[in-house]
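To keep things clear, I will list the structure first and then write my remarks on it.
Think of it as A, B, C and D in the order they're written, each chain with its own count starting at 1.
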């Protein structure tokens, strides 16, 4: 195979390393490519000359905020530092790789990660969201795992704003189109509406994959002589400077003023690519496979080489193109989807070829791994890149951006909800409850989730509307995993440190109520511009809060993603740290639903209720108020509660469990009743007495560490004893009723299930059909 | 008892169909679209998914695959064939079944637990059902609206070739609430909903008594196994 | 670049939920003068050489038997463009 | 019946997965003379009266802002048919 021709031929007009030496002063568009003056100087420093235009292209995308984490790096370190050896026990691969890998026992492991595709999803919602799913799935695949499920975390603008429907339809269609076509069940997610996301919706996507321990792969090129092969879709002009540049810029408040090339996704190509990669892994013909996401070939080549501590020689003319007119710089930056880069030992090439041919996947050999700390890229006979790979991939700039306590913060925190009028009587309480369940944020999300395939694969044990998604990993033993993600932007805005802890606590609780044991954490940190010191303060607080909370709960962060520049004009979104918790369950047959189905079971409220209405759905949706401090959370108690739920589920004592979060006890009771259309009789008197609160707080406070469980009468004594032994506050507040068709809340109202359902289920279709 | 399951590029529910066959007591045999050898199976399932990305029209490209051509040949001789969702679309594009399937009335992909009525329990795949039995199995499709000319519809009705009808809710705008049909001989059946997703308690649709415990889909596979044994 | 263009339309309103959705949306915006919207396909077959009569025959055959489904669609035009 | 026909194609330099799938299928059958296939839309707007210049303006506007998505598609023709 002849990749390189040393014979001197006619120059092609591209900017070569020779030119860079002979024309040192050539003007270069470093500013347009998003580099800062000192960054450009640093590149010249590293190379000892000016970069070629191709090198400049590579450095600019790889040093962008999105790819280099230059503003967040110093804070993300805590996730690796604030850990105990105990926390690392199940961690097979930690932060820094494509995705973290967690041992779940029986020789099996899972890998999971959540990533943002916010800006592309505003510009072209359908393709933006679709390719967001595609990208995260390739991350999971590159670890050697078979992707087994996805989830999506969405934040939209005000439901009745004229632009919201466009984004909602496009995003949901895009996720549905891509995820369904890949054959990955969608097992959960979040949907939140708030005008703060109007010009900058959030589209985060999570994927999880499973594998045997021995199938774990790390993407690196460490064996000189191995071939570097690009395969999958052809390289086109789509998304040039897309993800990386987009994700590193602030939007204009007027909407999509710039319309850069977006990427177009082909889920069919990706499905074929998944099967093809898994067969390649299985046959052992690849040393590693790197996915191509943001920064395309620039990223794949430099990261593979840098990870392996070796170098690489690449012939860029060998890249298969969709459009022959692409320049080398464009080829290096293209973010065309559904491509992968494999490192293949020379003697396995034949086998590699026969597998990719079987799947009708196109490929081309780009070059080989060399025992030298250089990445050389040729365009025909001319050298256009000659750099140390680490300087591109890993040793980018690191900033300690200025941090400032926000000017508005004190006023915001002092503006407590205490001054809001409480409901005066039973009628008003009932009205507020019915009003809350029918707000877009509390209402039924099945308008969205019904567009997602939750059955494919036949291993979905829980999905919407239950608190976590749960998926069986081993068909033999029933071993499975539960996954939940949460973020409350309002809480994080009021107090970013606490907000991040609360997000973790809620996701942790959502996993625990299913009977699974929380084991690992991922996150996607959605924030405004890092160049705004107040945003940077939020980021600093939130990362500290999350790292501290993980330490308190004893579960490690395995990876994540940072998305900055989420703002329109000068107005940043609420800080939105999406936190995902993964739990393990030895047999998914043991899982607990979120609602009650049997008649005559006792209903217990676990945990204590405080008067905590700041930042609540009640304050925001009934009184249009946001201020004060978010609820407090004691993570030691949270852990105790999770242990109790696990113990009780092992003993088969609980029939249902639903965590309390937005909307408090009132909403939780209605949701648990709606789950199987089985009513309940509830009394709040004992809660009022024990916790010293009023009815409004009893119904709507968002105090943490609370769960609503139903228990069969025969297990009553055992269950109460278990709570007492562990010191978890436990109060019987009602009984399930399968015949009345009512949710009766004593002294407040008898609500018809049909009425509740009508209010709850018609909201989304009313807005978007 | 060997039942083949064809995998096209983009097929998704092939492993679920294989599981269903196993749970019903049969032996699933994976078949590859590009291979015209059907390995002497006693029946074939064309599973759900997005064969060839469902580009152009759902099932149109898969209808030209070597394995499909062999299915067409053997179906004429009586080989039992079940097309589920995308498999149904392939059967229609192959002209093994009449009519066509178009985009759902509401334009969206829809995934829900769907009630059906068994209208014809004399096909290879429905013999263990009672006539008019109501069953609950998942439905998930983007292009599941069944359409046919008036003449075809009349013929299907008259010849009792409507195998399943949607009950309570027509999810995709299908004519005459048609969820599935059969050929004249009763060996080829196609339907949009997914019986293979209601075969194992814990992973099927919710029922009035327990979460995800519906297994009404199992009878499809047991029916064909019984028929093969008897013949 | 020489190409053959195949135009395909759904047979009737009934078979075109997409067209109906678009027309509903236009009506909501008050464009009542549009009585119906129908959405079909425009398929380009590209050639790297001049198109022969044989090519046109082939295209006709593909249009009828593969590119369209005559249960639900009509091929309304096959044209050559250089 | 008078109608305005709007023709929309995926942008030249963007991926057209549909077209690719169809061209692969044709290639498998040996039709190598077809170098590429691209699939776009043909949208008919029906009127129950004669079409005015104003209607054409409206169609142009709808074609650009609603019927097509200029990030990924091009409107290649808007024609009147009586």
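In the analysis below, a contact is a pair of C-beta atoms (placed from the backbone, for glycine too) under 8 Å apart; a residue touches a chain by one contact, two chains touch by 3 or more.
All of these numbers come straight from a predicted model, not from anything done at the bench.
Enquirer: For the interfaces A-D and B-D, which has the higher count of C-beta pairs in contact?
Expert: The comparison resolves to A-D.
Enquirer: Counting in whole Å, what is the centre-to-centre distance of chain A and chain C, each centre being its mean C-alpha position?
Expert: Centres of chain A and chain C (C-alpha means) sit 41 Å apart.
Enquirer: Could you give the separation in Å between the centres of chain B and chain D, each centre being the mean of its C-alpha atoms?
Expert: Between these chains, centre-to-centre, one finds 34 Å.
Enquirer: How many angstrom between the C-alpha centroids of chain C and chain B?
Expert: Taking the mean C-alpha position of each chain, the two centres sit 30 Å apart.
Enquirer: Could you tell me which residues belong to chain C and also touch two or more other chains?
Expert: Each of 66-67 in chain C touches at least two other chains.
Enquirer: Spell out, as numbers or ranges, the residues of chain A touching 2 or more other chains.
Expert: 266, 268-269, 360
Enquirer: Could you check chain B for residues that touch two or more other chains and list them?
Expert: Only 52-53, 55-56, 64, 106 qualify.
Enquirer: I'd like to see which chains touch which, written out pair by pair.
Expert: Chain pairs that touch: A-B, A-D, B-C, B-D, C-D.
Enquirer: What residues of chain A sit close enough to touch chain B in their complex?
Expert: Checking each residue of chain A against chain B gives 173, 176-177, 180-183, 266-269, 271-272, 359-360, 449-461, 472, 475, 588-589, 593, 597, 676, 769.
Enquirer: Mind listing the chain B positions that touch chain A in their complex?
Expert: 9-10, 12-13, 15-16, 19, 48-50, 52-55, 106, 108-112, 138, 140, 142, 194, 196-197, 200, 202-203, 206, 209-212
Enquirer: In the complex, go through chain C and note every residue touching chain D.
Expert: Chain C reaches chain D through residues 7-9, 19, 22, 25-26, 31, 33-49, 55, 58, 62, 66-67.
Enquirer: Can you check the complex and tell me which residues of chain B touch chain D?
Expert: My answer: residues 52-53, 55-56, 61, 64.
Enquirer: So in the complex, the part of chain D that touches chain A is made up of which residues?
Expert: Residues 10, 12-17, 20-21, 24, 69-72.
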